[in-house]
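Take a look at the following structure, please.
Chain lettering (A, B, C and D) follows the sequence in which the chains are written, and residue indices restart at 1 in each chain.
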Amino acid sequence: MYEDLVEQTEGQSELFCNPDPDLARENFKNKSRALENKVTTVEKAVSDLVEDGDYIATGGFGHVRIPTAILYEVIRQKKRNLGLAGHTSIYDSDILASSGCLNRCDISYVVGYEIRGLSACARRAFQSDKIKKTDWSNSSLSWRFWAASAGLSFVPSRSLLGTDTFKHSAAKTVTCPFTGKKFTALPALYPDVGIVHVSRADIYGNCQIDGILISDEFLARASRKVIISTERLVSNEEIRLEPHLTVIPYWCVDAVVEVPFGSHPGNMPEEYWFDEDFFQMFLGKGKTEEGTNEFFEEYVYGVKDFDQYLEKIGGIRKMNDLRAIEKLIFKKNGS
Amino acid sequence: MSAEYNPLELMVCVGSRVLEDNSTVEVGTGVPMAATLLAQKLYAPNIIAIFEAGGVAPLMPGLPISVGDSRTSHKALLASSMNDVMETCQRGMVDYTFLGGAQIDMYGNLNSTMIGDDYQNPKVRFPGSGGANDLGSLCWKTIVITPMDKSRFVEQVDYLTTPGFLNGKGAREKAGLPLGTGPYKVITNLAILGYDEETCRMQVESLHPGVTIEQVEENCGFELLKAAKIEDTPPPRDEELRVLREEVDPTGYIIGR
Amino acid sequence: MYEDLVEQTEGQSELFCNPDPDLARENFKNKSRALENKVTTVEKAVSDLVEDGDYIATGGFGHVRIPTAILYEVIRQKKRNLGLAGHTSIYDSDILASSGCLNRCDISYVVGYEIRGLSACARRAFQSDKIKKTDWSNSSLSWRFWAASAGLSFVPSRSLLGTDTFKHSAAKTVTCPFTGKKFTALPALYPDVGIVHVSRADIYGNCQIDGILISDEFLARASRKVIISTERLVSNEEIRLEPHLTVIPYWCVDAVVEVPFGSHPGNMPEEYWFDEDFFQMFLGKGKTEEGTNEFFEEYVYGVKDFDQYLEKIGGIRKMNDLRAIEKLIFKKNGS
Amino acid sequence: MSAEYNPLELMVCVGSRVLEDNSTVEVGTGVPMAATLLAQKLYAPNIIAIFEAGGVAPLMPGLPISVGDSRTSHKALLASSMNDVMETCQRGMVDYTFLGGAQIDMYGNLNSTMIGDDYQNPKVRFPGSGGANDLGSLCWKTIVITPMDKSRFVEQVDYLTTPGFLNGKGAREKAGLPLGTGPYKVITNLAILGYDEETCRMQVESLHPGVTIEQVEENCGFELLKAAKIEDTPPPRDEELRVLREEVDPTGYIIGR
């Protein structure tokens, strides 16, 4: 029992992105270093920077600080055959998969909504072989982003070993030349497009994030192209006052879009809490294919932009309520 | 029985008692969060809760919904990154991890990925490893909290997501996992289970109030060993239930009341 | 010419610290996780935590944010046969070497004072074979700290290759299992004692640093024991207000000492500028052995603690002048 | 000659002209700093200066004394770490690096470690690599600024600290260094030197005011190639010298006045 897992040295699934650091360096060599105004619209950012077939990586934690506005636009523009880093992914991977954008996914976490249970529409999408799947763990994808951000082709780690997670990954093993010990070799992950929602950015793309970073500093560095959505545009002077807070430097970034409430229905640290009513509505509709289609018709295809979507989900009053919860402001008449 | 309680409440209360004070605990979503919070309030005030997305030792204003939400770093000692937390686990700084899982076998191997035998076309897809494989690989001691029945406690997991003892003593080390790590306890609705040191197989260590060894065996899909002395689990105390219901999970999000 | 360098796969110098991650894990397993008051004196921190023969690593950048007070005490207590990570090291490695504390050193930068030129006493010490030397580059030591902080035994990199720096290192090479490319394999560096000077710390050892970090977040995580000197002790509440600024968490730390001006004669970002007069005096005295001995007699052995040393170098008036330069406050009568 | 200037001023002025605007430059201690600052003030206002200890694109209130001091991150865009900066270089985001060195050979290999033949007992010990080996390995183009004489421009360096083209075309790639990287220019007090594409050997490209090719050859310990057309280096302009002396290095710390 499990002998083959203990002995294995090579995962059997497909490696979706080339880990060659010299190939990546050629891309980074050609990225602009100019301090130029990169502010654009959601629509233009997506149409300019996301191509059918691209492999994308989204920042945040699946339903925390996610780039919802950008992802809705990816769906609205009917991008197809996308790959995705399903790293700590929840609502982000669900809507991309359920709307038919994906044909491959590196998975560490999908389908689940933590204590809210599982998503039926995500299950339908990921149980089908229309999406090719390669398995990983959270740390494996975090370290794959790190390895790429460091310009490497691999990094050793001590997880995955001995499991089916390794077997269905595209990892290999490597022997430490100093200790002779066996390590997992994780291939560097250089996504085509990184999409990250941040707290503050300037027009050049220097970004600051309140709260935990998950792996976004590395994800942004690793990606060939980067789209930033930000709660707030701030002046370059404000960035320069606290340069130790800059998590993503401008040279990583290709487009900046200001989208207040851009992580809805997700939690945005220091800004707003989860929209639980919305999640229940979404998970309810997701139970059937018709419901799923209805959802996308109503909330994505049927609205022209994120502002209109926000009106639909309850507008500024709703967002103020979610803000009050996040800020621990409990009103007299209920929370 | 000192009070009425449901199986989830029982598991949370029992789970809250196994953590040492002044230890570091990497906390998974759901029941483990509630158990850790309850432990902090009653038994181990200086337990250091670590969340995989980057939050360390927060003063939580309420139960987090996610191991990555803003409550996990509210007034924390450290709000860093998943990379930093996982590296801290890999470095050997984290004593316990507290996980769930859809299937578990006699060596404590966990499945949270799928039911079926084709990874590309599973019968039922679950979320996958998330951080579970990492935490079960890299933390010193793995505690699992899960209700017990034959569909969960199985001879062989459909998919080995997170390593327990793999196929027995020495297998983790052979696979390359850090030395001295592995499964520690399984907290269920019927009993507390541990592992026999020699064989690395699961054993019954303590029976919950009113539960017989036969009931435990009937609800398990593999042969369980028995500890030299099987204890009686003290029932949830009134104070445990009060703090759990009033302070830890007042909306019943996790304990389902 | 140089053929042997191009082909080499193994450095020839001694590896001073065991990179075995399981050995390191045993140490970290036994470190206290308790939130306990770790505030102590310079004298006690050094006598309790630095043993003859220990391998130490010092934070900062050689003459920027260096733990001078702790290092003087190491010298005062006549610790011997110490190893040192000579990473971006300047005044820190110089005084340890010139006073006879060291018998081995991993070197990326020693002897030099950047635009001030070279130190004669450091040269005498490092030219002698009393100090065993193993060669590295700055990034190599940065990444060796990272590898240890990540609980690994090695990490690949693309520098050192083809050079004498590699030849006189203890690095090896490793082939990437994905690309077949050759990388330097850097052995993880787990120092016995890490010593870091920080801007703010609480009594438990949670530390925040203003300005650049160099590699101190990793150096502190990598070290078996850690001594922190801090410009200022702050309350735990202050740390918890901005937990994203915590660079070193308390569980890494064994002792905390409050030492205002503790980086003198070095620059302390946001606090005080270099003491150039002092450096000129030191480099002058260092030209002869007698001068070097005089320096240590007068400024280290001859004073009982760092406060007395500060009086000797000009006291609060001097430190206020250096503070004015750092803060860009130019006084009416000259700078 | 438009004005009087010393050899250091000449090198700084000439060095300031070789950097492209909107490029990233990893700047070494001393003369390279002055040249980069001068370039920013006159020719390449949007050059992004990167310092190895973590400072990126500061608005410097004065000349830094160290590549790790507080001026290198004053009102910067990013104040991070040596790890981040070196990883950025390794990822291919840094166009130029600007280095010094005690010895250089015809392939642009640099020695900043020692004179002698025994690493443990050198005749003369220099600082060592610092970040030089990394920057010369990982940035796209390496520019060296150093005065020229036979003791510095040598047939073979005593110690190969930082890789140039090693022993010729293809050697960097064979050694495992990133593809397409290597030496670009050498700025001296006598001439601007570059490299022949085929042989990777150093060649004279431009002679400074009043300098003959013979003088350059006399001050070089190896055979220099000559570019197809050798240019005349324009002398330091009055404005260059004024800005250098008044704004970049008013205390003469680097240019030694």
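We adopt the following convention: a residue touches a chain if its C-beta (ideal position, glycine included) is under 8 Å from a C-beta of that chain, and two chains touch if they have at least 3 such contacts.
Keep in mind it's a predicted model, so treat the numbers as computed, not measured.
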Averaging C-alpha coordinates per chain, one finds the centres of chain B and chain D separated by a number of Å equal to 57
Approximate Å spacing (C-alpha centroids) for the pair chain A, chain C: 37
Rounded Å distance, chain A centre to chain B centre (Cα mean): 27
Could you state the distance in Å from the CA-based centre of chain B to that of chain C? 40
Scan chain C for residues touching two or more other chains and write them down. 21-22, 151-152, 157-158, 173, 181, 183, 211-212, 244
Out of chain B, which residues touch more than one other chain, so two or more? 73, 79-80, 89-90, 138, 178
Among line, ring, star, complete and other, the chain touch graph is other
Full enumeration of touching chain pairs: A-B, A-C, A-D, B-C, C-D
For chain D, which residues are in contact with chain C within the complex? 29-30, 52-55, 61, 65-70, 72-73, 79-83, 86, 89-90, 109, 113, 119-134, 137-138, 156, 159-163, 166-167, 171-172, 174-178, 253-254
Chain A contacts chain C in the complex at 15, 19-22, 151-158, 172-174, 176-179, 181, 183, 185, 187, 210-212, 244-245
Any idea which chain A residues touch chain B in the complex? 1-3, 5-7, 13, 60-64, 86, 88, 107-112, 114-116, 118, 123, 126-129, 132-133, 135-140, 142-143, 146, 157-165, 168, 173, 181-184, 211-218, 267-270, 273-274, 276, 326, 328
Residue set of chain B touching chain C in the complex reads 22-24, 46, 48, 56, 58-59, 73, 75-80, 87-93, 95, 138, 140, 178-180
Residue ranges of chain A in contact with chain D within the complex: 21-22, 24-29, 31-35, 148-152, 204, 206, 221, 239-241, 243-244, 246, 249-251
